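Take a look at the structures below.
Across the two complexes that follow, chain A remains constant while its partner is chain B and subsequently chain C.
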Partner chain A sequence: MLGLAKKDFTLLAVVVGLTLLAPFILNPFPEGSGMAQFNAGYPDLMQRFVIFGIFAIGFNILFGLTGYLSFGHAAFLGVGSYAAIWMMKLVTTNVIPAMILAIIVAGAFALLVGFITLRRSGIYFSILTLAFAQMSYALAYSVLTPITGGETGLQLKLNDPRILDSALVGGDQARANLFGVNMSSSYEMSVGGWLFTFNAGYYIAAIVMILAFYMAIRIFRSPFGLMLRAVKSNQQRMNFTGLNSRPYTLAAFVISGMYAGLAGGLMVAMDTQVGPERMFWTASGEVVLMTILGGAGTLIGPVLGAGMIKYMENIISKINSTILHQWFAWMPDGLEDFVVAVIYPFIGKGWHLTLGIIFMLVVIFLPGGLVEGGQRIAGLFRRKKTADETSTTPAE
Partner chain B sequence: MSKSNFTRRGVLKSGAVAGAGVALPTIFTASSAAAYMNEPTGGSVTLGFNVPQTGPYADEGADELRAYKLAVEHLNGGGDGGMMNTFSSKALQGNGILGKKVEYVTGDTQTKSDAARASAKSMIEKDGAVMITGGSSSGVAVAVQALCQEAGIIFMAGLTHSNDTTGKDRKANGFRHFFNSYMSGAALAPVLEKMYGNDRKAYHLTADYNWGYTTEEAVKSSTEAMGWETVNAVKTPLTQTDFSSYIAPVLQSGADVLVLNHYGGNMVNSLTNAVQFGLRDKEVNGKNFEIVVPLYSRLMAKGAGANVKGIFGSTNWHWSLTDEGSKAFVRSFGEKYGFPPSQAAHTTYVQTLLYADACERAGTHNPCGVAEALEGFEFDGLGNGPTLYRAEDHQCFKDVLVVKGKENPTSEFDLLEIVEVTPAEQVTYAPDHPQMGGADASLGTCNDGA
Partner chain C sequence: MDAIVLQILNGLDKGSAYALIALGLTLIFGTLGVVNFAHGALFMIGAFCAVTLSRIINWSYTTISETEKNFLGEPLEVQVPYVHDWFGVAAGNTLIDWAVPLAILFSIPIMLAVGYIMERGLIKHFYSRPHADQILVTFGLAIVLQEVIKYFYGANPIPTPAPEVFAGSFDFGAMLGFDPNTIIYPYWRLVYFAFAAVIIGAVFAFLQFTTFGMVVRAGMADRETVGLLGINIDKRFTIMFGIAAAVAGLAGVMYAPINSPNYHMGMDFLVLSFVVVVVGGMGSLPGAVLAGFLLGILESFASMAAVLDVLPGLNQIIIYLVAIIILLTRPRGLMGRKGVMED
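What follows is the complex of A and B.
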């Protein structure tokens, strides 16, 4: 269906199901219980899950298929964000034009960067893209302050022109919307002790992600995708057979940049603010981590990796020592302090450490990322089937 | 290979699914029935402490968090009450805020606007915080302030010194107790005139971002007003760690004062470089070469070590002040943590108390009621003398301390001495001052998120 093989369609259906039911799935613990700390079903984090999912899906089209490791992808995210916020400031606060402009501008910038950097491959390519991203960051941070707002960034202001929108009345503020539906409006459903939040912005972002995921499946399964895999497995041999691989890699780079731009545009649509640190090299590194953690070259992997990292960043980092003491209050005093002291370095500001350990474990024991972990677990239950049928081999 | 197998049935089915998907968000747009955003309904009220726990300002963040915890303890009636006893308003009873026990959640801003907003959003959406406070960089403060305005939450700014926070980026839901670049310039100028005369040539090194720009502008305009000449103003990248190449041209320029518009690690490095180059032993135009640092903090003075001796700067508050409020605060902070608080700790503690007090006086947690109670509020006893929360831009106006690096420090905390307390009138400016965004800057209207 939809031009997909049965297996891919099932995967798409699973992703659709998971994203649409996310408010339920991510809020498994009742409000007020001790475990509510681990609930992730609030609008901002759900939006981040899908936005970074899009970013990672796009990155995976380049890295997973062609093997070109771009270390400057955050630059396209940032450029897309700046384009989107200017669209919102100058023309309209409707999110659709903003996202379209974000994709176009990021794509154009990717074309320029890709044209220059794709002359080299391997580590030289990575360094070149990193240089471009850091350059964009530095420009946005200080030199281009009139356009980018410098360190403070850009936000919607009351006195922005917004030529297509009607003037604000009374105490209204300019808000990102989709034909009048406010991105921050939510419907809260309380069932027993549980509270589920259905946020308009989240569902719009989720639909965009599903479309982006569908596009990615089509690209993976197309002749074009096959060509990109050929680049990854042996570019030299490909060149010797008379094929010019440059147009293919450049196209992959631009598509991937447009995905990043879309993610940047969506970030602005959900939260109308842009700052230059969105383009910092750590942000570029983060998307590499997401892709590898989830499983490079697989379809669903990058989305899982993005979710994992954002969950750690937003949930683990908020556990503080007071909360730990509450959890272990049932222990004898000395033991409680000891246990808290052991766990403390790994939570709160130590979330980077926990993430690092998980990343190392995944890379060492599950080279195929979380997807491989899932396949191994599935394999345990389905011993009878042949192994090669159940595993989707990542692109080589 | 892809294969297209569009059938009428398939298209209809997928169309229906897509349609349902698009319609979904419009079904769920009803907002909740609370009177205002995150109205506390149980026996407790949650405050959000959003400070940098990692990154370049983690030290300041840690000290802010200590002060917040102390403030919560005092508000809930624990400890010795600290500055609640010296505060001129007596609305706080030590029974929480409006009888509700104060609880708090913490978050890490990483000194990045995006991370700070994500953390603040989770406090608002997940933890139900009614007030967000913290931050130790102006970029973060401006970003989080705008978020709180959108969400309908009160924002009590922590350590943010740039003019923009209550200047061109001021918001109706945001309040700042800390002083700003303009006040630093206005407070420093008379002292510099007295010490160094009014015939000086200044050379600025400025950190290349918003705070640097506003500070340079403020110091420049107030020193030029008393007759100084600005020879040159050079921007330095924020990530710079070695300033030798920027210091060398200073001597050739004929300047006899170097102004370092740097903060944190930048200032530690640039000052150390300048002193190592022997600038302070030089004589130019028949006068001693001098260095000025507009914004000082104890943590910076500690980093720069002996190099700060005799160097002038301004600060919001210092623990060696001897008024009753400061003494009470230093005592309870010292008893709890074993060392004196920094200015970051002071301003965040005061902001928490001011918020709680405004709730009590307004009789509600509603952000608009609280904002009304804070606007034009005059108070005393919180360490800075008589202070006014100005209604036009939500900036506190109070005395500014001009300090200099101590020649003979007695401990690692005793690094600065107060040279002069510049009275509030001297640092007061019009709300539509050109450095503060001019006539365009407006607070907008208060948003309670309902």
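What follows is the complex of A and C.
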């Protein structure tokens, strides 16, 4: 269905189900209970899940399929964000034109960068992309201040031209919307002790992510996707057969740049502001972490990785020592202090440490990421099926 | 003329740091063929060795002063460092003052051990895996190391002053025959440059004039043949990894007074050092040193007011710009050997 094999369609259906029901799934604990802090079903975080999911899906099209490790992908996200905010400032606060412009501008920038950087491969490619991203960051921070707003960044203002929108009366705020539906409007449903929030912005972002995911499946299963896998497994042999691999890698680079731009545009659509720090190289490193953690070269892996990192960043990082003491209050005093002292460095503000350790363990033992881990566990339970029958094998 | 000399001098201290880190990176890449993204973390650990030693020396106990009173007329509580009791007040103060240079001795065994453990415990298992995996696992290690440091030392920069003798600046221009007060230069930066020159010289001399160095150079050229001659080249390469870690660590120790150590200083330097390494040519030791100083000096020239008037923002991007141009026009970098990572 939809031009997909049965397995892929099942995967897509699962993703659609999970994203649309996310407000329920991510809020498993009733309000006010001790576990409520593990609820991730609030709009801001859910939006981040899907936006970084899109970013990671795009990065995976480049890294997972061709093996080119870009350390400068955040530049495209940033460029897309700037394009989107200018669209909202000058033309209309409707998010669709903003997203379209973000994709186009990020794609054009990726074409330029890719044309230059793809002359080299391996570590040189990583360094070149890193150099371009750092240059974009430095320029956005300093020289390009008239366009980028420098350190303060850009926000929507009352007196922006917005030629297609009616002028705002004083006291009104310009809000990102989709044909009048405000991005930040939510419907709250209270069932028993549970409170579920359905946010317009989240659902728009979720639908965009589902489309992006569908596109990624099509790319993975297309002849073009096979060409990209060939680049990863043996580029030299591919060149010997008379194929020029550069157009394929460049196309992959531009596509993944466009995904990044789309993610950047969506970010602006959600919070209507942008600053240069989202182009810094640590942001590029973060999407690398997401993709590898989830499973590079698999379809669902990057989305899982993005979700996991954002969950840790927003939920695990909030656990402080008082909360820990509450959890272990049932233990004898000395033991309680000891357990808290052991756990404390790894959570709360130390969540980066946990992330680094998990990431290292994944790189060392599970090159296929969490998806491979899941497949191995699944393999233990049904020994009859062979591994290669599972739906998403990582590209070689 | 004096402006040019000043910019060259300004570029030297950063260039020295780039050159030292890039030298260590190249030693690791040239011997073991491993791309080490955790090298910046080693630089940072070196800087924190200086912090640690200065804390150990400053280790104090609280006592009640017999002479001084606080503003209420009560006896004042004062901190007395243990070194005062052990070595006397004068010698103790000297020790406290010279904590950073003393940290050189303190850091060498630590850095050698860190390097040895890193190579045996982790990097060893990554020789046969692709470069991308090596980058990723060392990137993860860098995150872990920097978070561990953050946990123990906090997120704020820790000021670590240089000895009193080297504090402040002096009129370097007058010594070279320029007009007075045109070239004012901090003492410690000159010390840093001299120190870097000594370390670089020592590493090259070690490789060039000792039997151990000869074997290592032979191993860099053709590992398999050296192995067939019955030499345990792996063991020597592990020691070289320790030495490379020590070089990065020493660069960090001496850099502590210039820039107060914080937990992410390593990452900041790492990105630039990698650019330096690829500009110099992967696997070329003289190339790494040359490119380090070259880019450091270029960076300081680009931040001259006269240049910034014409090309604003150039100081922020000059290094990357040079790297892009060199990588596209000279695939091997400035002094890279033929056949080493040329693709």
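In this section, the second predicted complex is superposed on the first by the 392 of 396 C-alpha atoms of A that agree within 3 Å, B and C clash if a C-alpha of one lies under 4 Å from a C-alpha of the other, contacts with A are read in each partner's own complex, and residues count from 1 in each chain.
In this text, contacts are C-beta pairs under 8 Å (C-beta built on N, C-alpha and C of every residue); 3 or more make two chains touch, one makes a residue touch a chain.
What you are looking at is a predicted structure, and each value in this text was computed from that prediction instead of being measured.
Of the two partner chains placed around the shared chain by superposition, chain C is the only one that A:Ala131 touches, whereas chain B remains out of contact. By the document's definition of touching, of the two partners only chain C reaches A:Pro367; chain B does not. In the superposition on chain A, A:Tyr141 makes contact with both chain B and chain C.
Among chain B and chain C, the chain that touches a larger number of residues in chain A is B.
When the shared chain is aligned, no partner comes close enough to touch A:Thr92: not chain B, not chain C.
After overlaying the two complexes on the shared chain, residue contacts for A:Asn159 are found with chain B alone; chain C is out of touch. Of the two partner chains placed by superposition, only chain B is touched by A:Met1; chain C is not.
For the contact definition in use here, the residues of chain A common to its chain B contact set and its chain C contact set are 138, 141-142, 352.
Against chain C, in their complex, chain A makes its touches with residues 67, 69, 116, 119-124, 126-128, 130-132, 134-135, 138-139, 141-144, 281-282, 285, 288, 292, 345, 350, 352-353, 355-357, 359-360, 363-364, 367. Against chain A, the residues of chain B that register as touching in their complex are 1-6, 10, 13-14, 17, 21-22, 24-32, 53-54, 58, 105-108, 112-115, 117-119, 121-122, 125-126, 137-139, 142-143, 146-147, 149-151, 162, 164, 169, 208-211, 213, 235, 237-238, 440, 442, 444-447. Interface residues of chain C, counted against chain A in their complex, comprise 35, 122, 125, 130-133, 135-137, 139-141, 143-144, 147-148, 150-151, 267, 271, 274-275, 278, 282, 312-313, 316-317, 320-321, 323-324, 327-328, 331, 341, 343. Taken together, the chain A residues at the contact with chain B in this complex read 1-3, 16, 20, 39, 42-45, 48, 138, 141-142, 145, 150-153, 155, 158-159, 170-171, 173, 175, 178, 181-182, 184-188, 197-200, 203-204, 207, 210, 218, 221-223, 271-273, 275, 277-278, 280, 313-314, 317-318, 320, 348-349, 352.
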